[in-house]
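Read from first to last, the chains carry the letters A, B, C and D; within each, the first residue is number 1.
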């Protein structure tokens, strides 16, 4: 089966991706042999550092958000696979500083495993680190146990908000508290339309009939609520936003951040059309969109579909979201 | 058949495991394709390469050091869940081996149980969750039957057989952990790749020792 | 044939896209009933305005680049179709100001037709406008007649450079001269791997066998140099960059801007791997990359492939490229 | 058959063209699919809808005004190349019609030639380039044969027939303009959609007048 991708050696994908990434953004980031992506101009040690980890193949996430105002270190694993505990521990060590470090972990089995082991090692060494776990997927229901709630695109605005707080010189306790506040007020629901190919194995991640889509599918093809007939953009928008609104208990007068995160092959045109539907739906409920983002932040190769994200905002979170940042994939003036 | 082994025999056990995994990695990936993301064979292969490199580099420092370094290397090398879990198993073996100079079957059983225990503490999975633990927990139970009269190779064979039965039994389990978890009942009928590879690993230990 | 896209009404695509776009970027842009996308905060009239036109379906291009430091007005046509002369003329009129306006036109038959008619009307009214035509495609050979050289992604860095010069208060003559200097030093070559669907007609834009790619294909499936076997990322990078280097006569010691513009379904991972190949190739020639961009600027729906762009840079062009801007799809601090 | 027409007859000609295009738009899109982007039928349909709206809105202001407004509306409404080209043709007709109160065949010929000329000045295409001009230039030549004795409907029929032959002849032409240009010799064997629609438009004029 001829996989249609521009690659060289399937076993060197992550390596070559990171080389290209470092070359393209040499003014902003460096990449170490252990696959730690770090800021070119390090943050002052009296400010809290932000560290995260995750598999490759979701570009621009996660490393595209390393830079001023967001992440200090992103530890990169193989395609769709968490990095092992040793490089994660190395990152926590490297981030060590009087102000301490916030360690953002997305809820995926491998990531959590590595992160927990690295945290144990960090604690054994007396490093100043606080962990935060994102798990905002509501596919299994908003009250499902944490193990059933994946960390999806929500990590990106969380990096932004925590990063801005860190940049503003807030203490580790404050940065952690802000991040947790946001973490507790956010929710994501995904929808898939066309499968992606695993670029290393060449395998198709899942199958969906020509007239079907699946709501709640995870970012590696993990099953959602089962396939259903393709709906119109407006119907899909209302269907999904209704579940998000319930999950974060939004009501008239509330102010939301909304993100439509393209999975890879879904066009920006479609995303804007869906956003229009979301706006219409929320307008109908008297809920205001005070912050938004439409585009590809965390992708799944050439999968078609998107993740719809919503979070309850307040003045402080909003101010942090709008604060300047300068990373390869997100710049705010 | 000898009733005791030397710490150095762990190197032969590791080589046996590496050979066994290498011969079966395609099958492991296929199992993972059915209920996961299809990379478990590769992950195990990478892990075994890391083990062999650790043997190469540290065998003069002794088997305890080899196991510790192999565990660390496996954690760095193998992607996904396999690296940390298998790495902690190997590091547990190293810690269990301690300063022993000769091991009878009960002593060997204790070492392997320590490895299994270390993995279990990180795994958070229980019996029946369709994970590596479903091979390793029955193996640990089988190891508990060790007596000083039993040949270590015989003990490992029994443990491996218990693990294989455990792996086979995962076919009837819906998944509770890892990627397969999201499949719910769709995972039924498929053996868990990680449980299968743990059974192979123990079988490789036994074969390495018998060789 | 079930087209797998999140849309509502095929005949209202552009309308709904623009509504979503305006809603998502309400702080930056407005959209008029005539489909003129304009800056929310207008540029001072003593600075040159920038106007452009083009069909929808290439998001984020072209309207994603309306904002401070780039475009003042983008006139939007239907999917893949130029807007007619009346709205284009309306835009030129609206942009009218003492400093005058630069009118950037991409070389596509329909665009040129509309632009020329609108220019005639503008001249008849005595408006102060200068037109510039981008035609940097080298698929037909760098010396092919201008009619055979399409305007591809090169318009985007050109907007950026001319926009920065305008923002800096340079005169229309100066802005035009700078834009022409850049225009004459740039070249683009495209490669396609998988076809896209026309979202209004549902038709597949072209066919490519499972093991084939086509170099030189245009952004609507216009034929290139014919299909060839898929090459590795490195081979493709070298093959294409060699032709670009020849076209812009780059030699050791020269400084280039390089852009890899994803067509839609080609992953950022692949683009970074290709960028690595480009860097390696140029390193070998002693040519330096002093400015770069990897991502989706001008897409063709869910087509797989990319456009490779190169331009000869000098200090002044580089400074303009790096100047601040604030648009929905490109922000520079 | 009458030897002259009134300016108001242009409205009937426009309605005839709209009916003709509506009946054939699918075929036009199919032709465009073969060598272009498949939207020419839609573009012509939109153009004709704009023409009909202009008739609705401006017929009290007179046919000259209708043609001018229809031209402008077509330019705004129809996407791609069709809008500007067809719009300039209609605006040319309006300009050619001027303040005439009655037109014999030579006068009608002059008006239509003015429309064709206006399009030609924007088109930049020459005969043989596989564009609308390959229907309209032969039509212009046929119009040049107009005499005061000829019935206007007869004249338009001749022009339409010349246009149809011209459109047919585009099958043997490689494309030099528009999207098809990039196909080179691959465009051979396919009639040009734009030329075909211009032939239909003129046939519609003739039928509208004859009705």
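Observations, loosely collected:
Simple rule for what comes next: a residue touches a chain if its C-beta (ideal position, glycine included) is under 8 Å from a C-beta of that chain, and two chains touch if they have at least 3 such contacts.
Given the structure is predicted, the values throughout are model-derived calculations rather than measurements.
The minimum number of touch steps separating chain B from chain C is 2.
Distance between chain A and chain D, defined via averaged C-alpha coordinates, is recorded as 56 Å. Averaging C-alpha coordinates per chain places the centre of chain A 33 Å away from that of chain B. For this pair, chain A with chain C, the centres built from the Cα atoms lie 29 Å apart. The touch graph of the protein chains shown is a line. Interface of chain C with chain A (complex): residues 2, 4-8, 13, 16-21, 23-24, 56-57, 59-60, 64, 193-194, 199, 210-211, 213, 230, 232-234, 236, 264-277, 279, 289, 292-296, 299, 301-302, 304, 306, 324, 326, 329, 331-333.
Chain D meets chain C in the complex at residues 29, 33, 37-39, 42-43, 72, 74-81, 83-85, 87-88, 122, 177-179, 181-184, 186. Considering their complex, residues 55, 77-82, 84-87, 109-110, 113-114, 116-117, 147-148, 198, 200-201, 203, 205, 218, 220-223 of chain C touch chain D.
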